[in-house]
Amino acid sequence: MDVAGLNRAIRNSMVEIKQYADELRDLDTALGDGDLGITVSLGADAIIEALDATGDDVSAEEIIRSCAKAFANANPSTMAALVAGALLSGSRLWATTSELTTEDASAFARAAGESIGKRGKAAVGDKTILDALVPAGEALATSSDVAEALDRAIAAAEKAVVETTSMQSRRGRASWLQERSIGLQDPGATAFLRFLQSWKAANLDQA
Amino acid sequence: MRKIINDPSNFVDELIDGILLAHPDKLKTPGDDKRILVRADAPTGRVGIVTGGGSGHLPLFKGYVGKGLCSGVAIGNVFSSPSAQQCFEAAKAVDGGAGVVYLYGNYGGDVFNFDLATDLAELEGIETRTVLGRDDVASQPKERKLDRRGVAGILFAFKGAGAAAERGDDLDAVAAVAEDIIENTATMGIGLSPTILPTTGKPSFELPDGEMEIGIGIHGESGIHRGPLETADQIVERLMQPLVADLELAQGDRIAVLVNGMGATPLEELYVMYRHVHKQAELLGVTIEKSYIGEYATSLEMAGASLSFLKLNDERLELLNAPAESPFFVEA
Amino acid sequence: MRKIINDPSNFVDELIDGILLAHPDKLKTPGDDKRILVRADAPTGRVGIVTGGGSGHLPLFKGYVGKGLCSGVAIGNVFSSPSAQQCFEAAKAVDGGAGVVYLYGNYGGDVFNFDLATDLAELEGIETRTVLGRDDVASQPKERKLDRRGVAGILFAFKGAGAAAERGDDLDAVAAVAEDIIENTATMGIGLSPTILPTTGKPSFELPDGEMEIGIGIHGESGIHRGPLETADQIVERLMQPLVADLELAQGDRIAVLVNGMGATPLEELYVMYRHVHKQAELLGVTIEKSYIGEYATSLEMAGASLSFLKLNDERLELLNAPAESPFFVEA
Amino acid sequence: MDVAGLNRAIRNSMVEIKQYADELRDLDTALGDGDLGITVSLGADAIIEALDATGDDVSAEEIIRSCAKAFANANPSTMAALVAGALLSGSRLWATTSELTTEDASAFARAAGESIGKRGKAAVGDKTILDALVPAGEALATSSDVAEALDRAIAAAEKAVVETTSMQSRRGRASWLQERSIGLQDPGATAFLRFLQSWKAANLDQA
């Protein structure tokens, strides 16, 4: 995928992901404060606006940086800050890449996960977005076919999201529920899964 | 949705407009971004104290900007963090060379944004310290004290640190006062009805009549458990017991008390609660040297209350009693 | 019933206990009957001001007993009058020879009992005057002005008459100040949810989500009509228009404004309202010289708000700005 | 009826009238502040207690005075103050009466009505307790047979109460509803009717 394609693909996914805002709000209401739907929908709008302003004659790194800034400021929150930091970390890997491969995507995900783990003092198993991001990122590297890699990533994330339900939240707002967090699906992990699914749905023609 | 609002997405900007129109002699916005409010006389040359966090908690946080309190505030959307840029701008506007203490509640979104702001401040040569309110004993057991969230008890830290800054303490000393007070503050709350986000119109939880959520936060977070609604006296005992344990209060100790309404609970009920707090403290041989009873940190129209204790020594009491004045809080 | 209470029949006594335990330096009960509270320094030798009425309106009425405010209060059950004996005892406790102004809201139960109290006071040689709060323009048309009920706007009269008494005005002068202020005060309110009497547990009216009661009182009385819930700006205009008409406000006039929450309405929403009041006043060429925004006269957990205007002249403004201090109200 | 009988009859009626507390609360909720149920039930309890303390060796005037004081202080309110004043006015007529007739009862009602009218600045037609009290008091004088006089008074009050519904309230809290008060039955007038009915029900054996 080239830079123009990346720009378009992100934009399409952002339009798509907004349909999950209510679901994410409800999940975050049960486990947190209910603002994740807003973070995602305002964040998606801000990214679209930022990309409109960016144009195509820039690097993939710059595109991702615009997304990071836009997402960070749209509705500042845990998810906004962690995702923005993750995007900035990942973007560095794409400074000189003009044709993005599934390998590149996987490396991006790895860097993103490390950033979130560091900032959020979180690890896989803490019932956060990392629980979906890490296995999905690994799955991306298992095929060089974009569609196949994406399907595997989605499958991995889906499995992980289901598994978060039986776990106890160890980080962030949800951790304050202590034992009561068990039985509720993690909103952040779900948001990541919905992002992958949106990417697929919105970019089927390019896949 | 039973709210007196216009377009929900303008809610925070409009209420800030209202505050600025009502109190132009006490508060100002230093630049174009109205999400930053500072004392009208900032910078004062003394150590600055910048707080911030989501909206929907009035008088927290905006209400504690004034003489003997915080110097500035960065304001997020309802229950959302301000941006790092806003946190930084607030510090810049109040810094008169003596540095700035960031003093706010321990929430992921806020922490990540304020941390970024400290980096930005450093680049501009503004020295900062960070102290996190983390008084809610229901949110984590004592072993994980540092991970607790900050709720109404941060009022004590605003008051104490504000008084320390006003008397001319230096940056480390003001931060130390804030840290010392937070270390000795414990809070626990109950909810009787949920909060409703203006943008979504949805209640934060469903609570059947006759039940209560125990250990709630101030963002509509559910509590750690739910049970049948008890009498005021039973509720007070339920809230007091963990505070006494956490602060290891014993006969002869002195405390300040905050009985805080979450938004919809009548002031009358808070006084009914205070009555029993006072009696129970007496039984323990603990003296209440100071009390705040009213709405100090709310969660929009949530019904419920929280109880905070600050273990006192002479220094802390003196700082609490120092004069303070904001449009929302006066210590005469 | 979502209330933090014990036995409902002890509600008022317990909350008074709470007030006395929390503020022993500021308030006292002169005899055995705790339903009478007076300033800790009463009698002061100056003209006394005694207010009173039902409970459930905090900070009204008990909250306005203090320096530069009322001298004493007689306290009834929730939304019920105090007894004549209690009204009389309050006057007796605050009279230092200069006489007592009875200043309270125009409600049948209160009027009948306070009137009886004036007879009792006369027998004991205590001179009294009576001034009735009757600011609610929704309750009667202008021709029947004297029959209107008293609501939040009585705050202005407490503040002004309290300042007049504090500066040493004599009995007739203090009564005249109160009367002058009430004559120039107008209020109107809306309700978004009912109030619930602790003793009966029943809502005062049923209001479907999405509707509002216009012209409500502070005892859960229904309004004069009901309509779909409007935006904050529309509500402000709806409340302002009759106040402007009643006070005949015109370009160049100066006013004090009270945006009052009925109990459950977030402070944020009151500031959103104030913003529009300010803008609309500007359009009319009317200057807001002073504003009070918050809960000043509530109806337990009712959601809603009222708007009060006091038409100002130099004298009234000076009295409003005079210092005052009670546990619930500070003018620094 | 002698003084001992009066004492007993009042006490019995007070026990009886408490069953109407909810009805009076609901009527007063619609037209006022909902406290009339409390005023009547606390007032009835206070009267019973006062009469327990009074004993039988006193005049009818003294019995009524005890009732007035008790009712005034139980839950001070418009109804409490007006009824207490009315009882005091009526009681004066009974200072020396030892056998009460329907004539005496009617005169009492007339004095009571005048007291309420004066204190409340109210007249028949203002939609208040007076609308029931005045015609019922007149009916009491139309027969010397106690049972018959009472039945006529109840009938007159019943008719009057029904008629209050279509009237606009001119006095007290209900008057603030202005036109909206039309269509709602007056709580105070109803309370008086319920008092008469309670008297009948509780004292059938003596009637």
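Letters A, B, C and D mark the chains as written, and numbering starts fresh at 1 in each.
Here is the rule we use: contacts are C-beta pairs under 8 Å (C-beta built on N, C-alpha and C of every residue); 3 or more make two chains touch, one makes a residue touch a chain.
Since this is a predicted model, take the numbers as computed values, not measurements.
Separation of chain B from chain D in touch steps, taking the shortest path, is 2. Shared contact partners of chain C and chain D do not exist in this assembly. Per-chain Cα centroids separate chain A from chain B by 32 Å.
Put simply, the C-alpha centre of chain A and that of chain D have 74 angstrom between them.
Measuring from the averaged C-alpha position of chain B to that of chain C gives a distance of 29 Å. As a whole-number value, the distance joining the C-alpha centres of chain A and chain C reads 55 Å. Under the stated contact rule, the graph of chain-to-chain touches is a line, running from one end chain to the other without closing. All chain pairs that count as touching, in label order, are A-B, B-C, C-D.
Of all residues in chain A, only 25-26, 29-30, 32-35, 37-39, 72-73, 75-82, 85, 119-120, 171-173, 175-180 touch chain B in the complex they form. Across the complex, chain B meets chain A through its residues 76-77, 79-85, 107-109, 112-113, 116, 136, 138-141, 147-149, 197, 199-200, 202, 204-205, 217, 219-222, 224-225. Contacts from chain B toward chain C in the complex involve residues 1-7, 11, 14-19, 21-22, 55-56, 58-59, 192-193, 209-210, 229, 231-233, 235, 263-275, 278, 291, 293, 295, 298, 300-301, 303, 305, 325, 330, 332.
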